[in-house]
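Chain nomenclature is as follows: A, B, C and D, assigned in order of appearance, with residue numbering initiated at 1 for each chain independently.
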Amino acid sequence: MELMKSSIGAILKNIDIAKDYLDEEVVNSFLDTIIDSNNVFLIGAGRSGLAAKAFAMRLMHLGISVYVVGETISPAINKGDAIVAISGSGETSSIISAVKIAKERGSKVLSLTSYGESTLGQLSDTYILVKGRPKEGDSDESYIERQIHGNYKSLTPLGTLFELTSLIFLDGLISELMFRLGKTESDLKARHTVLE
Amino acid sequence: MELMKSSIGAILKNIDIAKDYLDEEVVNSFLDTIIDSNNVFLIGAGRSGLAAKAFAMRLMHLGISVYVVGETISPAINKGDAIVAISGSGETSSIISAVKIAKERGSKVLSLTSYGESTLGQLSDTYILVKGRPKEGDSDESYIERQIHGNYKSLTPLGTLFELTSLIFLDGLISELMFRLGKTESDLKARHTVLE
Amino acid sequence: MELMKSSIGAILKNIDIAKDYLDEEVVNSFLDTIIDSNNVFLIGAGRSGLAAKAFAMRLMHLGISVYVVGETISPAINKGDAIVAISGSGETSSIISAVKIAKERGSKVLSLTSYGESTLGQLSDTYILVKGRPKEGDSDESYIERQIHGNYKSLTPLGTLFELTSLIFLDGLISELMFRLGKTESDLKARHTVLE
Amino acid sequence: MELMKSSIGAILKNIDIAKDYLDEEVVNSFLDTIIDSNNVFLIGAGRSGLAAKAFAMRLMHLGISVYVVGETISPAINKGDAIVAISGSGETSSIISAVKIAKERGSKVLSLTSYGESTLGQLSDTYILVKGRPKEGDSDESYIERQIHGNYKSLTPLGTLFELTSLIFLDGLISELMFRLGKTESDLKARHTVLE
């Protein structure tokens, strides 16, 4: 169980460090856009797509009109809407392609990515920086990050840190939205599905 | 290719026969309920669930507020809503369970099933009878149906006939809804997703 | 109920006409590739994606190793695998993009499309031609097709005819595969999920 | 951004506390069962279902034969297989129903739940205890937990803590499995989908 505990520790540490990169202005702009949009569309691939869905579910609980790209009932995106894209690299091609279409149609683009200079970052009206595991040779890999990741890649393989950090940031955004929209837990519960 | 063509022929024949069991009053009541509901929820298991989604997508194109049970953003079902359940046997346990909850909460129940006397049929406010392959020894298996199915079970295995006949009936309902709601193909196209 | 019955009639007629375009050599090559592949991947967007899933489910019942692109457990595609793409226009960008990747990695490409000269058709090792509603002004729109579609676009809006015809063709292919693999309906039933 | 940071803090604290309840014998038995099973099936509802899928994806990357209940290609469950169920309350009816069927057919039952005495806990061969937010009036709510949750329900509404803690525990299990199976990150990458 040693590895499991070390892995959990590395994840918690990454999230704790990453949250210090959160920028108040960025977060506020992100929240404003969600609240001001007619419809909010979530998109992500693989496990980032699951984080997108987890966020979408809570937005629905909050009474926001929200859709997941690729699910059955997602309509056309239009001016006045926003798309929220989640991609660690910021280069996932299916996401870039959808975001470009959304932007051309006049929708706002929000994203979570580890790289602000990525294609996704550059296409975004607002992006939240989510530090995951630094790429091989990244100059901004701090000493403490190296200690976490060093020889222990298998503790948090592939995009694990990005995905989990994004998910928890998104849940943090939910608590801000509850406050702004004046929603209580009972309000959320009242919209929670009862059919599963 | 002989079997493929025979299989296609058996499917077309089944749909053609099954449509003669359609009852005008039932169809109208089904359509009225969909139009009059606040939200419409679709549910089905396996390939019947795919037919449910295909119908849900067109309802969305028509501008009806529709959800698929089990997808990310499906909210609580309430009085004033309707659930549309698709089950050949009318006994699929997860569907019966959801339909009971929906009914207790005051929602209308619509269904497509091969058996009106099934649990689902009995729970439904309105059910559309969809003749699939008769069960072994069914007394209402006509001569022509026996000819189709006789020794050729492998032409249309398991619920194939029910699923396909349901799907095509549902697409028939869409053309009725377009007319009633005064929608043209352009209206549908305008709501069609552009992000895939 | 008049429109519903006309719509069902138009659908059946389209499938009946379309099946005469089936080419024995093409169908055999399609089936051979499926049987000879290590893994088969299904892809489609919107309602064509639901047809893809309906086919995938039966391939699983037949014991073929099959995956749906975008579902949780789909692994990397490799040489020795095949991808089956379903697209009426043959130009859906997310599908073209995936098919190109699959091809570069050495996988075979099978497809169902209404246009053999489309990008998808041209990328395919084998494509099954599925006649849907002809495009405005298509020269190969026969008199009988015009009669079906003529002023009745709303009977079968958007890709309805392509999607339904594809689905039923795919179910026809299943009966061929059952025969070739020596599978009975009981074999399929034994692999059918029991958890829903 | 105060609430967001407090929310993230509460989540990290919960995971940190919860991991001290991890039992080595339980974890080993959980891992043994996964490794020894022919097929592993994942099930969960709502956001717990998303955690289930995130785990399933990594198991696939590890080369384990894994399925998600409700996805297209999930076959019948049999003796020699295992089902992994994720439910905070341990009483979600669709999950209990599936787990009972799995057990009757001779499959092993693994679970993550906050309540060992729940129906799910009692049906499980092995369950991992995942402390989420204590229920109103729970006697085992420690002082520190009250401090976290106290008046701040909206920081982590509904099942948030259970879902996130489960997900991170599952990612911890992945690092154990990598070690036991001798897999490197490159092995995982080689099986990662390339089609999205």
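The rule is short, and it goes like this: a residue touches a chain if its C-beta (ideal position, glycine included) is under 8 Å from a C-beta of that chain, and two chains touch if they have at least 3 such contacts.
Note that the coordinates shown come from a computational prediction; the quantities given were computed from them, not determined experimentally.
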Legend entry - Any chain in contact with chain A as well as chain C: B, D
Inset, instruction - Nearest 5 degrees is plenty: how much rotation brings the CA atoms of chain A onto those of chain D? - result: 180
Inset, instruction - Go through B-C and B-D and name the pair with more C-beta contacts between its chains. - result: B-C
Inset, instruction - Compare the two sides of the chain A and chain B interface and say whether they are made mostly of the same residue numbers, over half shared, or of different ones. - result: same
Inset, instruction - For chain B and chain C, let me know how many angstrom lie between their CA-based centres, rounded off. - result: 21
Inset, instruction - Provide the C-alpha centroid distance between chain B and chain D, rounded to the nearest whole angstrom. - result: 35
Inset, instruction - Would you pick out the residues of chain B that each touch at least 2 other chains? - result: 53, 57, 61, 70, 94, 192-193, 196
Legend entry - chain B contact footprint on chain A (complex, rising order): 41, 43, 53, 56-57, 59-61, 66-77, 83, 98, 101-102, 105, 190-196
Inset, instruction - Report the residues of chain D in contact with chain B in the complex, numbered from low to high. - result: 70, 93-94, 97
Inset, instruction - Would you mind writing out the residues of chain B in touch with chain C in their complex? - result: 1, 3-8, 11-12, 15-16, 19, 22, 24, 27-28, 45-47, 50, 53-54, 57-58, 61, 92, 94, 153-158, 160, 163-164, 167-169, 171-176, 178-179, 183-185, 188-189, 192-193, 196
